[in-house]
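A, B and C label the chains in the order they appear, each numbered from 1.
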Amino acid sequence: MFKNNPTLRYISHRAAWYFLTFLVAVTINFFLPRLGTANPVDIIMGKVGTGLDTEAAKDKEESYLKEFGLVEVNDQGELLRDEAGKPVKTSNIKQFGRYLVMCFQGDLGTSFLNYPKKVTEIIKDALPWTLALQIPTIIFGWIVGNLLGALAAYRRGVFDRIFFPVALAISSIPFFAFGMLLVYVFAINLGWFPAMGGYAGDLIPSFSLTFFKSAAYFYVLPFLSIFLILAGGQAIGMRSMGIYELGTDYIKCAKWFGIKENKVLMYLFRNAMLPQLTGLALSLGSMIGGALITEMIFSYPGLGMAILTAVQGNDYPLIQGCTLLVTVSVLIANFTVDILIGFLDPRVRAGNQMGGK
Amino acid sequence: MSTFEVENLSLHYLTRFGQKIPAVSDVSFTMKQGEILGIAGESGCGKSTLVNGLMGLFIPPLYPTSGDVRVSGESLMNRSPADIRQNILGRKVSMIPQGAFNALNPTRRVKDIAADMISSHEQGGNKKEINERLRSRFDLFGMDTEKILNSFPIQLTAGERQRSVIGIATLLNPQMVIADEPTSALDVTTQKSVIRMIFDLLDKKVFSTMIFITHELPLLRHVADNIAIMYAGEFVEKGTAEQIVFDPRHPYTKALMGAMLSAEEGQRQKKPTAIEGAPPSLANLPHGCRFAARCPMVRPECKQNKQEIRIVGGRQVRCDYAV
Amino acid sequence: MKLLMNLLKSPSFLLGAGLFFLTILFAVVGPLVYHIDLNTTAGSYLPPDSQFRLGTDNLGRDVIAMLISGLRSSLYVGFLAGTIATVVGTFLGVYAGFKGGWIDDIINLVTNLFLVIPTFVVLILISSSLKDGRSLTLIGLIIGMTTWTWSARAVRAQSASLKSRDHIALARINGAGTFTILVKHILPYIASYVFMVFILQVASGILSEASISMIGLGPYETVSLGTILNDAMRNEALGDGVWWAFMPATAIITMIVFALYVINTSMEGVFNPRLRK
């Protein structure tokens, strides 16, 4: 089957590669935070252990150690101890093994800050907001930006001369800076939009019209602050690609053959689109990172805020859970774009493997 | 009636500062059905500009100064770009560009590009009819039709690509085909097959006349019926291929032939000599003969008097003192 | 050099270089001209007046003094990170592109792996584990070591396309070793490209530092533009309309990054004439 379908071959090749990347990412995600000497249980004890006498404190500490899988236990669930009576610490490798098993069971641990809430629970609440904000922004930003860029490349003239510097200026503004600017101008000064949050403070998330209207109202500024910069960046890139393609022999030749202008434009757009898609795949990581920071600026109740509060409170399981999820999302997004390229680039379909990297 | 007539055609470029640069000056020739005219000259002599003019492609900053170009009696002057695109380009006058291997959209199959050609000029026609038409046309080319039509350009060899471009350019049976260095970047065997294809198509009346542009004069001897030599935007000599190659009269043509290495009989023993100097800048053309600065037979009068076309030895020569 | 003359003629280059120069001036000359005192505190979040031209921050410190200090730190981190990223990336990229074969494949694999994994995430993970030891230099180092992948990929493509050139073959025939060829025959050709890469890496380094500091994982006890923003966020300056707490810092970051991007675009226009028309 595979031999006869180059597209399938291409997709499975990419899938294998992404799986490998995923394994590396999970490993990194686990081991990096353990680079330092910070012991999470100490941090928890610092919060929880005040006012307890030594005996009670020790019991509590040991129960946490047990719960977070940092020490060895026997079959009855009792702590194993060494000669000095201290609990035996689990090796990092063993912890990693346990972590992997937990991950595949869908358990990302328990949050420190919001103990005993599970990390997955917190993420489940935050994820929809992030997805609702980022997916439309990235998709529309890409489409609109590329269309404008292609137009600028083809028309040139006055439109281009105004458009190019404006787009360049906007696309160079860091996401957070633009977010802050929009908040300051439109929320604080003009009061047209709310400065923070995902929905009005007195509402509870539900599937009601009131809620959706409120959420939409709070959606505008965060959406714009990401969308405009993204579209600007794509427009600049597409404009360069368009100008380059316009100078190619095959476009000149198509014009000499008397081929209709619409068709020539289609040639141009379809050919310039492919490297733009590849560029999209490359910048997805930083786009999503920037969008997360925007969420933080707006205190938007998505993964961005989850990460922010987790970092500020040294909530390791939550930090790790969020970063793992973000990484997996980026991988999935990249893979999707790769598949898209596989279908759109006719040379891949013909077995030339020119799409992707 | 001649198939293709050019009458005192002059073209100029308009610079940003309003300066008129005469790129083509006073070119005239007529061509009959079945004729191949070769145009030869150094780089920068105005060949490409002339080509644009011959197709009616007067796109700023290129403008026609004066003169006329007629295909089967129909003038190409003073027409809108849309008109030219729809009715002339590809249909009556078609061009085979230089470096044809990049001339085709790399992400489109040959048959689709060819179909685009048809649909851009004609109405109607369903897919089946178009495919049949493409197949029967490409069958004439002596290549693996199915493979060629269904391939992407990158999957074809240079020769196959070149011939596909010729095929698409002549698809609508144009009266005039302008071939700009069609064999320059090809190896000798492929060159031969391309030239054979051209003769074949001409024979089968797929197109009526051809202008073959190259800087290789010896090649023109085998391909062209008549040859015109171009220098600094003007035709300096025009005659039959035999006349130009074996009996050049204009000092420039003589110098060109002297600078060529040729394996022809009678040419082999000659030592090639370079022509000193460089063509004049089109922005700064001299008063008199444009070749005066480099002419080995130059006289003081040459630099004063503008040279007109005379008939010398049965062909046109732009030199007052040629014999 | 003719290239330099062309650059100086380009208005966009002058704009970018000018802006950047201004910023550097502010950072370098600032402390000499302006009295930086980060210890004296006046009232918290005082609005701009004749004494404190841009007001005070949450701890009552002079905002202008904070900006100058922060700018110096951010520039330092940006340049350090940019240099490390460019050097490592160029070395790996040139080597991989030139050698080809399995060396290329392995370096490619590693590069692509780290390209896809978002650097922001890696930065968070590393920084959050180094609770107390985060100095400017360390942060610069970390950013540099996580962002080299971009330059590696960019340079590799250039190197790979160069290796089939004739002068390389000639050098090889003359018995030149890999290192010699890389340094004498490839690097000079890609020098302008590497410089452009460097500029972008510095911009990226400054942005990364700002991002990471903004969420509280920045340098410990040192002021940087990012930490200024972090203070503003934590003290709800954004919502309270205390614009001098975050606008100036944001404006400076934006200006530097914008200036660097403009410099890069103008250089691209000069080095790649096809885009110029």
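Observations, loosely collected:
Keep in mind that, in the parts below, contacts are C-beta pairs under 8 Å (C-beta built on N, C-alpha and C of every residue); 3 or more make two chains touch, one makes a residue touch a chain.
These figures come from a predicted structure and were not determined experimentally.
Chain contacts here run in a simple line, from one end chain through to the other with no loop closing.
Judged by contacting C-beta pairs, the busier of the interfaces A-C and A-B is A-C. Between chain B and chain C the centroid-to-centroid distance comes to 54 Å (mean Cα coordinates, whole Å). Centre-to-centre separation between chain A and chain C, using Cα means, comes to 22 Å. Between chain A and chain B, the centres computed from C-alpha atoms are 57 Å apart. For chain B, residues touching at least two other chains: there are none. Across the interface of their complex, chain A is touched by residues 55, 57, 85-86, 88-91, 94-95, 97, 99-100, 102-109, 113, 116-117, 119-121, 152, 154-155, 165, 168-169 of chain B. Chain A contributes residues 17-18, 20-21, 24-25, 28-29, 32-38, 168-169, 171-174, 176-177, 180-181, 183-184, 188-189, 195-196, 240, 243-244, 247, 282, 285-286, 288-290, 292-293, 296-297, 307-308, 311-312, 314, 316, 319-320, 323, 326-327, 330-331, 334, 357 to its touches with chain C in the complex.
Those residues of chain C that touch chain A in the shared complex are 108, 112-113, 115-122, 124-126, 128-131, 133, 207, 210-211, 214-217, 229, 233, 238-239, 241, 243, 246-247, 250-251, 253-254, 257-258, 261-262, 265, 274-275, 277. Chain A meets chain B in the complex at residues 248-250, 252-261, 263, 267, 270-271, 274, 345-347, 350, 352.
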